[in-house]
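Okay, got some structures for you below.
Below are two complexes that have chain A in common, paired first with chain B and then with chain C.
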Partner chain A sequence: MEMRNQKSAGRYTRQSKRTIKLFLFLVGVLLVMFFVSMGAGHLTLSLIDIFKTLIGSGTDSHALLLFQFRIPRLLVAVLVGIGMGVAGAVFQGITQNELADPGIIGIHSGSGLFVVMFLYLTSLYEGSQPWCTQLSLPFVAFIGGITAALMIYILAWKSGVTPVRLILVGIGLNAGFSALLLLVQLKMSDSDFNRALVWLSGSIWNASWQSVWSLLPWILIFLPLTLYKARILAVMQLGEEMALGLGTRVEKEKFLLLIIGVAMAAASVAVAGGIAFLGLVAPHLSRRLVGGKFLRLIPITAVVGAILMVVSDTLARTLLAPAEIPVGLIVSVLGAPYFIYLLMTIKD
Partner chain B sequence: MMDEIRRKQLTDKDIQKRLMRRLSHSHPTAWIFFTSGVILFLLMLLSLRFGAAELTWEMIGEAIWNFDATDTAHVILVDLRIPRVLAAAVVGASLAVSGVIMQALTLNPLASPSIMGVTSGSAFMIALGFALFPQLSHYQLIFWSFTGAALGAGMVFSIGFFTQRGLTPVKLALAGSAVSALLQSLSTMIAIHFDVARDMSFWYAGGVAGVRIESVTVIALIGIIGLFASLTLSRSLTILSLGEEMARGLGLRIGWIKLISLLIVLVLTGAAVSIAGAVGFIGLVIPHMTKKIVGLDYRWVLPISALFGASLLVLADIGARVINPPYETPVGTLTALIGVPFFLFLARKGGRGWK
Partner chain C sequence: MKKLGMTGLTLALLLTACGEENTVDETEETAEEPVQEEIETGPVTLKDGMGREVEIPEDPENIIASYLEDYLVALDVTPAAQWSISDGAGVQNYLQEELGDVPTIPYDLPYESVLEFSPDLLILRDQPEEDMVSQYAQIAPTYVLESQPTDWRGTLTEIGEVLGEETKAEEVIDAYDQEATEARDLVSENAEGESAAAVWMVDTSLFVVHPERSSGAVLYGDAGFEVPEVVSDLSGDADWAAVSLEELAQMDVDRLFFISDNGEEALTEDRLWQNIPAVENDQVHVFASDSAWLYYGPTANEQVLGHIEDSIAND
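Up next is the complex of A and B:
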């Protein structure tokens, strides 16, 4: 008995060590991608230029480009990648469905609807401060996301909630929110309409330090919370009956996790718009790497999500340069085939 | 019935006929057909009258009996309103009939043009067409739209083909969403790169405003041919909708029937999307409603769905004009607002249909 315990403990530490190594390796990859991406774009900077500018001896124009445009933008990409990736993992844990993507089941469009309505209403009042609007956007998006999540939950409720009903109801609500969104957009002035349109297709090209500061607190608060709750997700993975047997108050914990997931997804949506499939692909790739245990999965998902966003953003800047493609489109074009592949191979 | 078959040694044709008789509702279905035809006609008349410029019934009558090209009201009626209402009717009918056929073929209650990726496929190919050949004529537009419809449907169908144990309603809905998301992203990229976003934005909203009579006649012709072609298949569709084994047992050539019906679906939706853009949910809601009212006899389900679909889109198009005049509300959002609650209703049943 003791032997076996030691053995499994040994395996556990070995796996943890492997996870830590993998985590560090991925963080290294992320840093490299970050540097490469700093140089890429319409104006290409060499690595030497980047280095010079970073230590403060570059030209003024390079400093402006890096510190005012590229670095905040890349930081936003990293934060959004973390937020959406982890949110996806949480949703898949709650619904026990590996195909639950916050974008497909309507969380994004719910947040989007509230944000666009908010932008419309604030544009009616003269003298509202832009930075004030910017900082309140994640809250507005959060309210929208929670509304969407609750609607999905309530509408899917019929003496209990099954994963199948949850997803179908989510898809339906997504269509409804998108239709309402279009109606609100049409009420807007031309400039606001364009602003909303660019934002909605998932874009971070005008990300500034303001966007970084408005998103950072959300990630800093909710990422540790997710890690703290990861054990409960792991229990839920065993199936609800088992979880009940183990004494976890499933429904309450589920609800808390739902709020955490929505918070991370909605804050990311508020800054970067609706980027679909990121919350699906990042957790899946990570599951391939470290398996389904949430304590290991969440940190890896965060880094993988960040890498995916940085790579997609680099592509968005360079593919059709000097024109910018909204990064959400790149993620969709890469993510949708992966999703379809999953759909074909997954067991019911 | 099985005893009867054994006793009388019935042929396949006889059994098919008896089956059809059993499936027809006892309702006087012909009356439903007639009433819905009258409703459609009245809605079309209303649609001629209401809009940014209010016309009176006398003006409409006068414009039809003795047309005066210098009278603005007459010109509005003949050049704008009539093509528009005809287009709405044809598009609505085509989408509804496509939905009926798709649901019968796949035995999947969520099957419909917008969910199966047909609409976004069309929009994608139209974007490509605009990008490569900026001066597309009506006919070319319809052609690109067909190929796109085939592309979208082909993608979703092949996902179903390569999926173990086929597509359940949930997987179909997910596959459709994924294919639509992919194609939409690609079309937006094309639109940005080739600077045709202005031409394209219309397709996502959907609508029949500003339709010209030349394109309506082409679409109407295609729609009528498609509808009659589907009617010749109606008996086979009825039997097919009961399950493939039953159909095979009764001597139906399933492969051919599926191929021909699929072609009809592609032609009808391709034509509809080429003129009206993404108008969702008609192909989902109307077939279910019609089957609930009429029963499962597709000889009635098909024509009555066509009339219902046409009525719904004509009504939605009136709504599009009067909700926020003088601005147009996109018809696609109106049909979505009607369709989403219905979709949710089906979803609550786990996508198992309205029984």
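Up next is the complex of A and C:
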């Protein structure tokens, strides 16, 4: 699939060879999961059906099922997994805080609030176009995410920002945004309310090619940027004083990285709604696999995030088929215990 | 401050941009349609409630019109699948005589469930999400109704047009009006000048029907019962308005059509309840909550008329 690791293979140490192997292995796993997921669902497709359809000799209804419903949805899962996973890694890098997940600290609800307000306002317009709304959503979410991030930073600032303070302020702000969200939702009509509710709990059952196209550019632009900035993150890991000593303009770089992180998280939120814990679990699992060096961590996180999303969405589609569980709930059920475990073991 | 202004400006731009594209895109939307045209022969093109041009196949056989089955039943059309909740456990019971053998489909119409029935026509209502409609349209021609849910005659006429059953729709309405006249005659014979109310009890909460909607339209508009003052005061924008027992007692109502699964048990001990004229004179008619009283449509209304006639005839 993607060969993003080429960049990270700059220096050929034994470790980076190992990382490349691991990366390829994980991409393989992702591909296998992708195919399994293509076949799974309310209507089951065999591998033969899938291949036949892919080379264009399947039945019309299989083609419709795969090309219009399952594949776009899977691609959205992959992109959201990459976006939220990497955003989590970036946030954890900037804040030097292993618990900084954009979902937990309120970036998602900030984006969500703006998106829901935007949807509400456009629903008042008679003739708003769905494709246009769809394409604007990531931008709106981005503005909401940045607003939330700045508020967290300003509120958490007390001659510097300590990790725990940041998390606490973030959780508080998250609650505030959620309350505002509910307020906006209550102004909506019943059907819009339900729509917003399902979307907010994290759902991609509605994903179409439109969602893919609205998310893809954001990932294509900001993922390479993250990799490019990975060195800066690595330097910041040494502590801010050391980073300053090494000639890094810490505050400016922090701000740039913040924008990158928010962009990836917000674009994902715009398409999939608030999926919490993904930005926490994906980087953590990856850190277990390859250690904390960001040049190695980012690509691995991207694939791990994608795998987690594809697996969760497959479960979301099949557990109660034909009914759906919002994929965000599945991710939370898997992620929340991990978060608690981390909270219990982390040293302040 | 400057930044705030900028973001505000951007948001405003995005909002207006999405509003104004309307006229340009109309042509584009029709250009997208051919995908679905290939399937059918000799179709009719209709403009639906969302302003989309929809090609209706000549003789649709596999129709899915979720929660609109009432109208299909009235038009003697059997749908390919029927509305349900809780994985088929909950269906519209009052229609099961006609729909007993029809398989169920979840109320939220998952794409794959729809695909499973390979329908050749989808009729939807209340579908605010245009992107979903365009996904459904790839499965089968998808017509979104224009008429209001509260207007069953308009809905029936519109569905009749879509299915090429205009005459049948007219006949159904005429037959209904005929029956309504009979019921009205019966009411003026046996219950001249009486007031009535349909009250729905959920757990311990009471709701009273809107005088122009659902079974309220039948009770007052068709059968000709008097509308108690409290009912017309309470009616807002909901089909059923919450009402307290005190208000119900004030209503001074001669006849109660009481929709509840546990009868009036929970209330029989209550003084307020006992003092309602309808209760004193034993004019409370109880119906189950899955009967037609809570629904809309010609079939539901006809059944409600029947219930009313039976109740008065029992006197």
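The rule is short, and it goes like this: the second predicted complex is superposed on the first by the 336 of 348 C-alpha atoms of A that agree within 3 Å, B and C clash if a C-alpha of one lies under 4 Å from a C-alpha of the other, contacts with A are read in each partner's own complex, and residues count from 1 in each chain.
Everything below uses one rule, namely that a residue touches a chain if its C-beta (ideal position, glycine included) is under 8 Å from a C-beta of that chain, and two chains touch if they have at least 3 such contacts.
Since the model is a prediction, treat every value here as computed from it, not as a measurement.
When the two structures are aligned on the shared chain, A:F255 is found in touch with neither chain B nor chain C.
When the shared chain is aligned, chain C comes close enough to touch A:I143, but chain B does not. Looking at the shared chain after the overlay, A:L186 reaches chain B, while chain C stays out of its contact range.
Once chain A of one complex is fitted onto chain A of the other, the partner contacts of A:W205 are limited to chain C, with no touch recorded for chain B. Once the two complexes are overlaid on the shared chain, A:L43 sits against chain C while remaining clear of chain B.
When the shared chain is aligned, chain B and chain C each come close enough to touch A:A323.
Across the two superposed structures, the residue set of chain A contacted by chain B and also by chain C is 320, 323. Residues of chain A touching chain B in their complex: 99, 104, 155-156, 158, 162, 164-165, 167-169, 171-176, 178-180, 182-183, 186, 201, 276-277, 320, 323, 325-326, 328-329, 332-333, 336-337, 339-340, 343-345, 347-348.
On the chain B side of its complex with chain A, the touching residues are 110, 159, 162-165, 168-171, 173-175, 177-179, 181-182, 184-186, 188-189, 192-193, 205, 280-281, 327, 329-330, 332-333, 336-337, 339-341, 343-344, 346-348, 350-351. Chain C contributes residues 7, 10-11, 14-15, 17-19, 21-23, 25, 87, 106, 108, 110-113, 115-116, 118, 126, 128-132, 134-135, 138-139 to its touches with chain A in the complex.
Of all residues in chain A, those touching chain C in their complex are 41-43, 61, 64-65, 68-69, 114, 118, 121-123, 125-134, 136, 139-140, 143, 146-147, 189, 191-192, 195, 205-206, 208, 210, 320-324.
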